[in-house]
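Below you'll find the structures, each written out as C-alpha cells.
Two complexes, one shared chain (chain A), two partners (chain B, chain C).
Here is the complex of A and B:
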C-alpha cells in the first residue's frame, strides 16, 4: 500500500476509534446517558434550562429505543459530521459552536509555543553534541533535564507567581484586558501578545528540555559516521557540515518523536490554559467539568483526539520531504 | 554454577549503578519522598490534614510550619498524608500498565501474524490518542473516584510504550540461536516464552516501569488539577486544585501551592533521573562517552 494511503487510513481509524470510545464509555455506566446526567445536576441543586427540550433532543439523537447497532451508526454519522449536540450549561449554543469560539486561542497559543520549543530545543540539542560548539553550552544539560521533568502546568504556576504576582510585569491571566472589545487594532494585538507571553513561555520552556535532550542523543550516535568524515575531508565549511549533514540526519527521529509527543503537548496546553484562565479549549473544558456539562466534555475530548490526529497526519505528510526513502 | 553466575551479575549491576551519579541522585530523591510518607506521621499529626481541623488561612508559624489553607487543613500534614497517596497511585498504575504492556508486547512479538497485526495496530492507534481525552470521558462518567480506581483507569492507558518496547525486543530475541535450540529440544511455545524469553525481557520491563510510573503520576495530577481526582483524599494534585479554586496565588498564599509543587518537582526529577539511568543500563549505546 502506498505510504500516503496508509497514513490516511490510520487517521480515519483513530478518529472512528475515538468516536467509538465516546459512544461506549457512557453506556457502561448504569442508567440512560441523558437522564443520569440531568439527575446528577438536580442532585447538586443546579437548574437546567429547557430540560425537556434537551431530553427530547438526546432521546431522538441517541435513538434510545432503537437497537444498539443502529444507535451506534447514527452516533458515528453525527459525530463525523462534527454534530456534537447541545451544550447543557450554555444551552442554546451547540458544542461545536462553543468549541469553534475557543479554538483560535488554543491553536494560536499551541502552534507558536510548540514550534518555538521544537525549533529552539532541537538547535540547542544539536549544538550540545557538536564538538566545535562553545563549551558553556554543556552547562545547560542539567537545566534541560530539570525542565524536561517538570510538567507544563506546574512551571506555569511558578512563572505566573514570579512575573505576574511578585514582579507585576505581566498580566496574571486571560487572553486580553477584560474591558476591551476584541478587534484587529494594533493596541489590541499588542495586548493579546502581552497576555500570551506567560502561557506561551511555560509551554516553550517545559518542552525545550525534551527536544534538546532527544536531539543531543541522536547527534551523539551519528558522530563519527563516514559521511561526516567525508564532508570534512572534502573541506566543506563547518556550518554546512553541521546543518546539511549532521542536523539533517539527526532531525528524522525528532520528527517521529514530534508525532508521538503531540498528544501530551496538547493535553499539557489544556492544563496551562486552566492555570491562566486562557479562553481556549482548556478553559472551556474546565467550565464544562465544573458544571458537569457532559456533552461538552465529550466534545472537547473528541476534539483533542481530532486535533492530534490531524497534526500527526500533517507531520506524516511532511516527513517524505525530509526523508525521501520513506515513501518507497 | 548457574547460581554463581547470578550472584556475579547482580554484583556487577550493583557496582555499575553505584558509579552512575544519575541513578544515585534520582534514587536518593525518591527515598527522601518515601521517608516523608513513612517517618512523617511520627512527627506530624496526620489528623490535621482533615478539613476544618485547624484555623484557616494562617501563614507559616512555629505551630504550623507550612501554614494552613482556606479549608482549615495544616499544609505540612497534607504533604505528609498526600505524598504517599500520590506515590501509591503512580506505582499501582505503572505496575499494571507495564504488566499489561509486557504481556501484549510478548504475544505480538512472539506469535507475529494476525495477533501482531491486531495488537500493534491497537498500540499505534492508542499512542496517537491523548490519554487525557479518554481519561476525561471515563472520569466524568465514573463519578467520585478513589485513589485506587484512578490508578486502574490510568493503568488502562499506560501500556502502549512498554508494549512497543517489549515487542521490538522479543522480535530480535526470537531470532537468537538459543531459541532455535530450545525449539529443537522439543520445548513448547509456552515454556519457551516463560523460560527463555521472559528472563531476557525482565530488565527492559523493569526499566520501563519507572517511566510508566512517571507518566501515570503526570496523568493523575493532570486529572486532579482539573478537579476529577479523589475529592476526599488530600493528594498533592487535589491540593493544587483547591489552591487554584480558592485563588491562593493572587491572595499571596504561597505556602499553600508551593509545597505540593516542590514535592512534585522532586518526584518527577527523581523518576526522570532513575529512568534515564536504567535506560542506559539496559541499552549501553545510550551511555555517554566520558
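Here is the complex of A and C:
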C-alpha cells in the first residue's frame, strides 16, 4: 500500500476511535446530562415542576431514548459532519459555533508560538553543536535545560507575575482590552498583539529548550559523518555546509519529534490559555468543564484530537519530501 | 630526469593531543608528489595514513593538530594561508576521494546537486547549462549513465557511489587527488573496476594522485611509486618495480614475502609481532622489536629517511651501511 494511503487510513482510524471514546465515556457515568442539569438546579434550591416530563421530552429530543447502537450510528454521522450539538452553558449557541469563535484566537496564538519555538530552538540547537559558531552561545545550554524542565503553566504564571503584575508593562490576561469592539483597525490589532505577547512567550519559551537540546544532540552525532568531511573538502562555504549538509540531515529527527510532541504542545497551550484568560479553545474547554457542559466538553475534546491527528498527518506527509530514503 | 613537483611535503608533523600526551600520528614526513604520477601509500592500520591524507587538505579535526612542516601545493604553502584561501584551494587544486563507504555522499541530496555544489563554490560564471553538461560528461567518463544525476545516494550500489565520488573529485580538474582507501569497502570484483576507472581518469587529466591502501596486490598494479608508513613515519619510498623486485627496508621485505604468490605454494607467514602503540614507541627505530636483523644501533638511534639510490629512499641503519 502506498505510504500516503497508509497514513490517511491511520488518520481516519484515529479520528473514529476518538469519536467512539467520546461517545462511550460520558455514557459510562451514571445518569444522563438532563437529569444532572436538573440535579444541579435542585441543589441550588430551585424547584422544578413536572420533572419526569421534562426529562422524557429532552431524552426524546436528544435521541437518548433510542437503543444504544442507533445512538452511536447517528452520533458518528453527526460528529463526522461536524454537527456537535448544542452547548448547554452557551445555549442556544451550537458547539461548533462556540468552537469557531474560539478557534482564530487559538490558531493565532498556538500556531505562531509553536512555530517560533520550533524554528528558533532548532536553529539555536544547531549552532550550539557547530564548531565554528560563536562560543558565547554555549552559555545558553543551562538556560535551555532549565526551560525544557519547566512546565508551560508555571512559566506562564511566572511571566504574568513579572511583566503583568510587578512591572505592569503588559496586560494580565484576555485577548484584547475588554471594552473595545473587535475590528480590523490598527489600534485593535496592536492591542491584540500586546495581549498575545505573554501567552505567546510562555508557549515559545517552554518549547524552546526542548527543540534546542534535541537538535543539538542530533547535530553532535552527525558531526563525524563522512559527508560533512567531503562537503568541507569540496571547499563549500561554511553557510552552505551548515544548512545544506548538517542542518538538513539533523532536521529529520526533529520533524519526527514534532509529530510526536504535537499532542503535548496542544494540551500545554490549553493550560496557558486558562492562565491568561485567553478566549481560545483551551479556555472554552476549561469553562465547559466548570459548568459540566457535556456536549461542549465532548466537542472540544474531539476537536483537539482531530487537530493533533491532522497535524501529525501533515508532518507524516511532508516527511518523505524531506527524506528521500522513506519509501513513498 | 627532472620532474615537475605537484605537491611537496616537508617535515610534516601531526599530533593528536590526548589527555596526558601527544600521539605522533604523522611524524616528520617528507615526500614529493610529481605531476602526473600515482603514488601509493601503504602501512598497517593505525600507522597514520588517514591522518596524513586529511592534514594535506587541512581537514584534520581536533584533537589532531599540525605541529609543523610545510605542504607546498604549486607555489604556496597551504599551511600558511587563511581559512578563505584554504577553502578556495580545496577541490580546485586538490581533491579527495573518500573510502568507499556508505556515508560520503549527503543522503538527502541528489547526485547532480552534490556535484554542482562543488562547481558553484569555486566558479561563479558558469551557466546552469554548462554545469549540467559538465556533470553528464563526468558521469559518462566514470562509466555511469546520465540518469544517475537525478538519483539519491541510497539508490546506488557501493561501486556506483564510489564512481560518483571519482567523478566528483575531478569536476574542477585539480592538480592533485588524494584517495584514502578508495576501494576497501567494495567487493573484490568491483575493486578492480573502480581502480581501473581511477587510473583511466588520472591518465586523462594527467593529475597527480596519492592512493592510500593496504592491499599490496592492488597497489602493485596501479601505482608508479610506493611509500611505506610505519608508526607515523615514512620508512621506505621506491618505484614500484624495484620495490617488489628488490625491497630495501626490512619491513618492506617482510610485507612482500607475506604476500601469497600464485606460483609458489608456501605458507602465508605474515609479519611476526605487532605494530607498537603510538603512545608507547620503542626507542630507536620503531620497527626494531619486529626486525629480524636489528642490531644495537637500531635500539638507540632513530634512522633518518636517506637517499639510497637515484629514486629510492629508506630509513634503515643497516641498508645505509651496506651501501656505503
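The rule we apply is simple: the second predicted complex is superposed on the first by the 292 of 328 C-alpha atoms of A that agree within 3 Å, B and C clash if a C-alpha of one lies under 4 Å from a C-alpha of the other, contacts with A are read in each partner's own complex, and residues count from 1 in each chain.
In this text, contacts are C-beta pairs under 8 Å (C-beta built on N, C-alpha and C of every residue); 3 or more make two chains touch, one makes a residue touch a chain.
What you see is a predicted model, and the numbers here were worked out from it, not measured in a lab.
A.B. asks: Determine, for the superposed arrangement built on chain A, whether chain B and chain C clash or fit.
C.D. replies: fit
A.B. asks: Comparing chain C with chain B, which touches more residues belonging to chain A?
C.D. replies: B
A.B. asks: Would you sort A:229 into first (chain B), second (chain C), both or neither based on which partner it touches?
C.D. replies: Second partner only.
A.B. asks: For the overlay on chain A, what angle lies at chain A between chain B and chain C, C-alpha centres, nearest 10°?
C.D. replies: 80
A.B. asks: Look at A:25 in the shared chain and tell me whether it touches chain B only, chain C only, both, or neither; answer first, second, both or neither.
C.D. replies: Touch status of A:25: first partner only.
A.B. asks: Which partner chains sit in contact with A:157 here, chain B, chain C, both or neither? Use first/second/both/neither.
C.D. replies: Only chain B is touched by A:157; chain C is not.
A.B. asks: Which value in Å is the smallest Cα separation between chain B and chain C when the structures are fitted on chain A?
C.D. replies: 11
A.B. asks: Could you list, by residue number, the parts of chain A that touch chain B in their complex?
C.D. replies: Per the touch definition, chain A meets chain B at residues 10, 13-14, 17-18, 21-22, 25-26, 28-29, 40, 145-146, 148-151, 153-154, 157-158, 160-161, 165, 172, 217, 220-221, 259-260, 263-264, 266-268, 270-271, 274-275, 285-286, 289-290, 292, 294, 297-298, 300-302, 304-305, 308-309, 312.
A.B. asks: Please give the residue numbers of chain C that touch chain A in the complex, ascending.
C.D. replies: Chain C residues touching chain A: 54, 57, 59, 87-92, 95-96, 98-99, 101, 103-109, 117-118, 121-122, 152, 154, 165, 168.
A.B. asks: Once bound in the complex, which stretches of chain A touch chain C?
C.D. replies: For this pair, the touching residues of chain A are 225-227, 229-237, 240, 244-245, 248-249, 252, 322-325.
A.B. asks: So in the complex, the part of chain B that touches chain A is made up of which residues?
C.D. replies: Chain B reaches chain A through residues 121, 124-125, 127-134, 136-138, 140-143, 218, 221-222, 225-228, 240, 244, 249-250, 252, 254, 257, 261, 264-265, 268-269, 271-273, 276, 285-286, 288-289.
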